[in-house]
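Chain lettering (A, B and C) follows the sequence in which the chains are written, and residue indices restart at 1 in each chain.
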């Protein structure tokens, strides 16, 4: 498309500006997280560079009038919730996607029922669930009412990932296993599962990160013990301090660590498969 | 290895096998029915209950509904929600389309394409609320934007309408949700066969004509999918609005939160149902343009 | 040992298999010939239990297994595309069925390894046990797939075009090996193929499948010598089939008039094996000779097939008439395109079929119908 050189450059420049727009707030946040403390506010200019707010987040800064973020407990709750959600969503997603491998009546209905879980805004579902809890006198807790909604939200994502994985899955290896006298359950354990494992990892990653960051549903149904996003939301009403920015930088780093673990696991399983399936391919048909 | 005892009865087993996909569906469907459908129906039901100051009774009435439509605050919130939704949708498209066009059509190297798309997704690895808060030091009176503009000599006085206004809410939402527009459009554009564009050029079509007649129509399913994503998320929003407007701009979501906070369950339910209806209408209209199950 | 009764299966209202009945004997090599789309693979999947038939029963050693799930049947199935487990080595692939069997798994590692080594030896893969299945060639994959099935000692083994994806050399070697392996182990084979040479050469008996129906079951040599119907003759792909009508002991088609035996008054098809024809110079055949039939045809092309040559001639109506000559009997001759030659064969080699496709034999009994 050499005749479109101008358009190409214009679009490239636009994309560059777009990325600045996308990343600008993070850069500013990153800079301000090194603001002097505890007097320095969440704005320019930087009074003096310091790591005070990082110390504040992890709780080793000297006490001051600024309340520390409830990092410890809230973080553990968030991680526990995300982990449990990940396990349940991935199991449900895999089972449902497995069922979709055979055509059945009402598949369209089930598909939309599941996908609805990710389409309904969190505020509506949170409201509905808290109404149900209120009516039936159920206590609202992060590990009960909030947990079931987290699964409602992340299960569709896991389902769609697994659906895509099964679309590319060659079922003849399962049939081979059955014909060898291996039961369907064992066939799943020993043949299907190892082959779809990379897909399951992706589904787990999706479910974990979505649940970890989930907040409207938790707000209505999480009860009094807050998760990490709720702790941050709590600071919205009061004056904000750069400790939130430091925390933001730390959580971003944590996310990247998680992503790296995932990438390494994927790389390992891909390499294990490729050692087995590439190599000499003389007269493969 | 432990389940072999089941294998004895062949006929029973084959019956199980033949309907095994229904057994596989039971947990997922049950979960969704109990924790998705029941709460939504409950919401509709409660919206007709009688609201007193601190309690609700199950006597059916349309009083809450009448209050909603006759109240300036509530009905105004509905109009504001729709206005913000349309504005955000328009700007995500305006900003997102050229970027998607560049990534999907102009960058032909798969690697660079992936790098650019990953660059767009990376912000999602930061907590949503932190991403919202990050706009505060950007837009404030002494914020980065004002600082830079003043340094460049474009303005002499800081712009004060940047933060704690509807504009701030729109800017924040556009930045947070624009990627959901870029992704699907770029995906559709990258599927366009290059030879199609060359053929168009060979028959003498001007670049703009090619864009209007070929590229844009082919990217339309992506635009629709992107619009569905953005719409669902913006319409259900309340955190961005409350964080960047200083609780001055109230969308329907914000009202639900405050109503629940003051135990006005029936009012909250009414607003929930209104919001559901608005979203359902918009999604149905958009789905008429594209079959989601096929595009996914 | 295995008996199929009136099997039928349709997909979306289209019949893939109808009214299929046959039985497989102990220690038998049964081949099943059919072109693609004739329902071969469907039939194997039904026998293996991977699909359920719409009609009919399947009986294995006296037990009705129609609704029995695959893993309880004890029928081995070697798939066309090998379907090896990609995440396992050759040894793991072969031992998989032993270790994970639903009712009698072998837990003794030594025994598993012993059986594995024995099977690797039988299929000739001894040195490759620890290779990944991606690191071996197509022919080796085929043998791993076979070994994996045979090591579980099935009563019956189904082979879906086992030689289909192999090149010619390998194919020939595997032909011999398959027969040997089967004899060694005494297991019954149902070998499905679209290649008539394979079906004829390897089976103790063969079945010809046409559009989902069995049209003949017979020992290969008998079937080859005397196809029950025109369709079978077509599938065997070694016959010239001329269609016309019989008048006064003559078979008439196009411009030709060929003598026809008296018993075949109603013949609609005149069929002669391509290997029964001799090619001679025009005029050199004694036309008067009673037991020799001949006509003249234009040479078109010749095809060398290793040990034999197939010459193609064009008849007056444009139909192609093939002649196969074995190189062991004569050296190939270069004919010029368009050259006219005299083709002749013995009247006794002619098969006559009625208009319904059935064979008319000398005793005027029709042996098979469509």
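Worth a mention:
Criterion: a contact is a pair of C-beta atoms (placed from the backbone, for glycine too) under 8 Å apart; a residue touches a chain by one contact, two chains touch by 3 or more.
Every value quoted in this text rests on a predicted model; they were computed, and no experiment measured them.
Relative to the whole-protein C-alpha centroid, the nearest chain centroid is that of A. Taking each chain's centre as the mean of its CA atoms, C is the chain most distant from subunit A.
Taking the mean of the C-alpha atoms as each chain's centre, subunit A and subunit B sit 16 Å apart.
Separating the CA-averaged centres of subunit B and subunit C is a span of 60 Å. Between subunit A and subunit C the centroid-to-centroid distance comes to 56 Å (mean Cα coordinates, whole Å).
For subunit C, the set of residues that touch two or more other chains comprises 69, 71-72, 102-103. The multi-chain contact residues of subunit A, meaning those touching 2 or more other chains, are 183-184, 186. With touch defined as above, residues shared between interfaces to two or more other chains in subunit B number as follows: 1, 4, 7, 17. Those residues of subunit C whose C-beta lies close enough to touch subunit A in the complex are 48-50, 69-72, 74-77, 79, 81, 83-89, 96-97, 100-103, 132-139, 141, 145, 148-149, 152, 164-167, 170.
Taken together, the subunit A residues at the contact with subunit B in this complex read 1, 3-4, 7-8, 11-12, 14-15, 18-19, 21-26, 28-29, 32, 42-44, 92-93, 95-96, 98-102, 104, 108, 110-111, 113-117, 119-125, 127-132, 134-135, 148-149, 151-152, 155, 159-160, 183-186, 209, 213, 215-216, 219-220, 228-229, 232-233, 236-237, 240, 244-245, 247-248, 251-252, 255-256, 259. Listing the residues of subunit B that touch subunit A in their complex gives 1, 3-4, 7, 17, 20-22, 24-25, 27-29, 31-40, 42-43, 46, 95, 98-99, 101-103, 106, 116, 119-120, 123, 125-131, 133-138, 140, 142-144, 147, 175, 178-179, 197, 201, 207, 232-233, 235-239, 242-243, 247, 253, 256-257, 260, 265, 268-269, 272, 275-276, 279, 283, 292-293, 296.
Across the complex, subunit C is touched by residues 170, 172-173, 175-184, 186-187, 190-191, 194-195, 272-285 of subunit A.
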